[in-house]
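So that you can tell them apart, the chains are marked A, B, C and D in the order they are listed, and the count of residues begins at 1 in each.
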Amino acid sequence: MNLDFDAADLAFQSEVREFFAGGIPDGWRSKVRSGLRLEPEDLIYYQRRLNDRGWGAPTWPKEYGGTGWTPTQQYIFWSEAARADAPAQFHQGLELIGPIIFTYGTPEQKACYLPRILTLEDWWCQGYSEPGAGSDLAALRTRADRDGEHYVINGQKMWTSYAHVASHVFVLARTSQEAKRQQGISLILVDMNTPGLRVQKIPTMDEKYHTNELFFDDVRVPVGNLLGEEGRGWGYGKVLLDRERMVSAATAIFLTQTVRGIRDAATWRRIGNMPLIETPGFAAKLAQYEIEVIALQTMVLRLMDDAARGADSGPRGSMVKLRWSQLTQAGTALWVEALGPEAAHFAALGDTGASADMPYAMQGALYARVTSIYGGSSEIQHNIIARRALGL
Amino acid sequence: MNLDFDAADLAFQSEVREFFAGGIPDGWRSKVRSGLRLEPEDLIYYQRRLNDRGWGAPTWPKEYGGTGWTPTQQYIFWSEAARADAPAQFHQGLELIGPIIFTYGTPEQKACYLPRILTLEDWWCQGYSEPGAGSDLAALRTRADRDGEHYVINGQKMWTSYAHVASHVFVLARTSQEAKRQQGISLILVDMNTPGLRVQKIPTMDEKYHTNELFFDDVRVPVGNLLGEEGRGWGYGKVLLDRERMVSAATAIFLTQTVRGIRDAATWRRIGNMPLIETPGFAAKLAQYEIEVIALQTMVLRLMDDAARGADSGPRGSMVKLRWSQLTQAGTALWVEALGPEAAHFAALGDTGASADMPYAMQGALYARVTSIYGGSSEIQHNIIARRALGL
Amino acid sequence: MDFSYSDEQQMLRDSVDRYGAEKWAASDRLKILAAGPEAARRRWGEMADLGWLMLPIAEADGGLGGGPAEVMAVMEGIGRHLITVPYVSCCVLVPALLAGSEAGAELLARVATGEALAAAGLIEADGGYDLHRVATRAERGPEGWRLWGAKAHVEDGADADWFLVSARTAGATDERDGIGLFLLPRAADGLTVDAFRAIDGHRHARLTLENVAGLPVGDAESALPVIEAAVDRAIAAQLAEAVGSMEAASVATLDYIRTREQFGVAIGSFQVLQHRMVDMIVAGEEARSMAYHATLNLQRDAAERARAVAAGKVRVSESGIYVGQQAVQLHGGVGISEELIVSHHLRRQMMLNLAFGPAEHHRARFAAIPA
Amino acid sequence: MDFSYSDEQQMLRDSVDRYGAEKWAASDRLKILAAGPEAARRRWGEMADLGWLMLPIAEADGGLGGGPAEVMAVMEGIGRHLITVPYVSCCVLVPALLAGSEAGAELLARVATGEALAAAGLIEADGGYDLHRVATRAERGPEGWRLWGAKAHVEDGADADWFLVSARTAGATDERDGIGLFLLPRAADGLTVDAFRAIDGHRHARLTLENVAGLPVGDAESALPVIEAAVDRAIAAQLAEAVGSMEAASVATLDYIRTREQFGVAIGSFQVLQHRMVDMIVAGEEARSMAYHATLNLQRDAAERARAVAAGKVRVSESGIYVGQQAVQLHGGVGISEELIVSHHLRRQMMLNLAFGPAEHHRARFAAIPA
């Protein structure tokens, strides 16, 4: 048992730290710390800088253009990124569809899609949820009917994040109406420019544009866009499930950024003659928050250690997701509290600006509410852990 | 809408305050504040003093020796009792079986039992729960078989509080084996001295002796001891249910005693040169606790107001029980926290005594854990509210 | 002791509910908030016509002399329907600050009819929401009083025609004595008004005062007791608003979990969601009790009043945010959409907590007042 | 980076589990606790024979030089089986205080074999658990050092043969410099030992010192760094104990809800209980992570060590009490009975929180150390 990095890891840490030193524009800081995504052009710029360095896909094997890093290296990389207020990479291509493509795709699909994910030339979004199929995804009704060399897709998808930016969408659709529930569902890759596909914004309470409804009206795609076997789409989700823990783990590492955001705001604001951060009440709250972040990050380290040893970490991925969403919510709320009266000044009416942290802290706090809903709600995570870990 | 008492109520308040002034022995204080029951002899002394004044049964109608008080008067009485560190009256006779007897009992039963409850000559305990029938009381298996002019009772009861002190027990038992679940259950009054009835202590973590198992081995009681109709025992519980809110309400009023216990301990203990109560952290915790107590007591006032107007207060009795148990637990835990290192000194080994508040605060904190289990656990209260108030 | 509304109060309550259902339908909310100042003035005029604007103004000041319970009856409805207007700031706080003053008589008359909007600047950047921490200075010169300083936040101040501002006429920044209250028009020379929109649609302001002429209201050296009492009234009114909003959010959520199906059954059949819904209802009952407690203590002495209002603020804030968050959570994805009303309730609860100081501030305030 | 026990550590862990299962069966617990001092000495001797008592003692001091991970392996088992012995106080804390000192060499040799029990008195009544708040005085006279004062709490001190006591040799009560550490036998003239039993069966003491002769250990003016480091070691050991206890309480609860029937079904089929059980498991995972974090930082510099241990203490205390309480709650009535083991785990968790300062103390300590 030890927490120390070996010499090679320490050398790697220096290398990464050097890469990030000074490389992150100041303007990203508040947004990044509040857990909000940067604008697409910024994410593309960031992804290409990483990819130029060979670090475009920290979790992919080398043969597909990934880094082939060990879990410890991944942890070091993400920790240093968090330390430098770098953003998390946009994950829908890198972590969701990419691994399915390199695991189940044809050689042509791999050659076509993987390099373009690394450069963010292709921006992928995920067409899974539907109005009647949220937590109960297996109730989905979108259909893909075979017509010669094409599938004809009809239906509606919901909560398709970044569809308005994306070039491609991966869709779960029924290719058989006989089979029930999970069976008869296939995974199909669709170019967003295909006729009949319409994107409609869903305005959300944080006033950021990040999610959409997708309408499929006789959308014809070549059968070559089927990923893996017909009717097996549901099963490919399992690959996702195994990698999902890495997505949660990586984002959990970035919570140290929120800590810095709170700390800066509470250092700046004064109550009488004392910085807020020195008042015992606030100091205790921040301490509690930092401690819970340390606990979560140590859970992540243990997950990484399991992964490195090829050990089964059971439902700890779900636990990380659960606690991460709670801490994202608690942290952004504490940040808003630190701002005091400024927190009521979300948007300037007229030509004076709001404070440096606003509106990001508040948007972060509002956006954070969805983290316990998406990617399997907290209630669903509880169900999963109860079933998998406890056999209940 | 107003919170003020009218002139008559104010006069009554003075009268009650005068009664309690100086009338409560100092030695009761710590025990009472920690929510622990006094020794039986003290409770008997207290009950008789009240009864001599005509205040033996604050919630009973006058015709049975009660006070006939309005809900407002009851509230005033309990508030003043709490203010004076008087104990809560022992409720199993007064609030549980008494009202069933005066509602469903025969004239003989009323004449025989009610006066002796008022004087605590008869000490009642409740034989409901069984090893296999806790939250699911309808699963009870104790049977009372008719044999001529007697019932012969066989079975086992559990969690019979104060059976070791009691002179009588009221028992729910099956008088019909055909009828299922709630049907075929009767309510029978049993003298604790009846042959075949055995009491066995259940040692509990608070190290106080308060509860027991009861073993019925061919216990023969006259059929005249049946209360109400045979097979209708379950239904009489409804009377209890309606009165239960008064038990919860009354005990909730006594939480101000716990506040005083915490306050005294935190005033006495010093951290460096400062009383604990002046440190911002503890002050905030105590404030939060007091505020929640105020909220609960205002809920109780509203319950009383409903009762005075004959309005249905819905499941607010369950809500009061739920919150009362949470606050009993939180308050006693805060008291233990206030004691600091002394809290580790539960019982002296040898001839030196422990601190004035120990072991009561700690026993209170341990005993408090059962308040969310007995009388319908918090989970059951949630079920009840979901069903009754929300129709879920 | 009586916790029921009188028939008249009940009628008032019903009328607000009718108005809210008609004019502030959830489905129209985004449109209403986006409408310009003219539409806002028109809506405000409707409320004036119904007599609500003059309701809290004392009879001696030309109002209807509605007491705390009448204000509560109105505010519950404002909360239930998320009626987003500066009612508390302009019609509860300002009249309480100006009550009986000569300086404010004319303004109150115009507030009562809806002709003028007024707001109060009482909070400073370093003041930690304490009303006695006033660094803004007022100096008496040959031509009257002049003010220098800044007010970090003026609740509902964005569109105000008049401002009431606390300023120090004597003593050090955190002394309780030496605080005056001054009235100034928006157009006053030397006054800069920065306006902001909050996440709940309310429109606030920040003031900078650079040698601004102000008319003193009442005693220029000891206005603090009046200010604290007035703010407690405003807070109590907002507690009732929070209770109304909680109720509406809970009703919407209960309807939703009864009808929304997942895994082939209504999600309200899942025990975990049932118990969560129960916790929301219990929180609502607690909040209602605390709103009553605070409101019915408004007319008692200063310490009792302050303790009751501070206690109310703490518990209602906690309950309100909890209910708002869980309403969103139980709705799942649609809970965060602009289209459904629940996220608007959450946003309002978050901002109600901040107005006149968050729960943390009032918890410390409560702790400092002997019982 | 490595979070797994080595084979040797795993063997140690298994051996404690075997011993616990054999000698500390839940069903024998009350009997064991009620047995007299002789039985206790016998049990202690068994642990000496197994080599556990000398495990944490440095090799230079004649021990096995077990590091933090070895101690953690032992402590998990002590927690899982609720082995109620003064192991942390006598075998972790005292050897860390005495490490390398001449004064303590003989005592350590006797601790290693189980012949002597020692305990440390470091906490004073007004000290708020701060180790530097020392009012007990030590004065050097012609015949050596004499001590005056009181120690409010000596963890596991009831049966100690020797006491280590902090005392001020210079400076004011709350200064970090001027603190010495002194060794005294229980029979010392002027020493009064009041003994107490805690709710978890541990036996503590309170000391009063009236002109007591004490042998200085190390530097009589700057023992604080050693004391703080030693206490952090003791705390880390207790974190592992808490984790073991949580694990056992959760396993017992899971077994219970799987088999206990109400309303015709196993209560583990109720979703609310399932989710509660999950929260217990998550709390246990968090606590384990924090115990590792604290333990593996013990050998880093003082600030890092203190921050990690304080953080561990906060989160493990919160998690442990939560798990203990819910274990009792999910068992219902029998949960509070002496007969079942769950309430014993709750009691131990409550007392582990208090030992060397509760979560509140360590939260403030954490906040005061820059990251």
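The rule is simple: a contact is a pair of C-beta atoms (placed from the backbone, for glycine too) under 8 Å apart; a residue touches a chain by one contact, two chains touch by 3 or more.
This structure is a prediction, so every number in the text was calculated from the model and none was measured.
On a Cα centroid basis, the chain most remote from chain D in this structure is C.
Between B-C and A-B, more C-beta contact pairs join the chains of B-C.
In terms of their C-alpha centroids, the spacing between chain B and chain C amounts to 42 Å.
Chain geometry summary: the mean Cα position of chain A and that of chain B are 52 Å apart.
Chain B and chain D have centres, each the mean of its CA atoms, that are 38 Å apart. For chain A, residues touching at least two other chains, in rising order: 280-281, 284, 379, 382.
Along chain D, residues 270-272, 275, 364 each make contact with two or more other chains. The touching residues of chain D, when paired with chain C in their complex, are 270-272, 275. Those residues of chain A that touch chain B in the shared complex are 279-281, 284.
On the chain A side of its complex with chain C, the touching residues are 129, 132, 134-136, 139, 158-159, 202-207, 269-273, 281-282, 336-337, 340-350, 352, 354, 362, 365-366, 369-370, 372-374, 377-379, 382. For chain C in complex with chain B, the residues that touch the partner chain are 1-6, 9, 69, 72, 254, 257-258, 268-269, 271, 274-275, 277-279, 281-282, 285-286, 289-290, 292-293, 295-297, 308, 311, 314-315, 363-364, 366-367, 371.
The part of chain A that touches chain D in the complex is made up of residues 1-5, 9, 72, 75, 280, 283-284, 286-288, 290-292, 294-296, 298-299, 301-302, 304-305, 309, 316, 319, 322-323, 379, 382-383, 385-386, 389-392.
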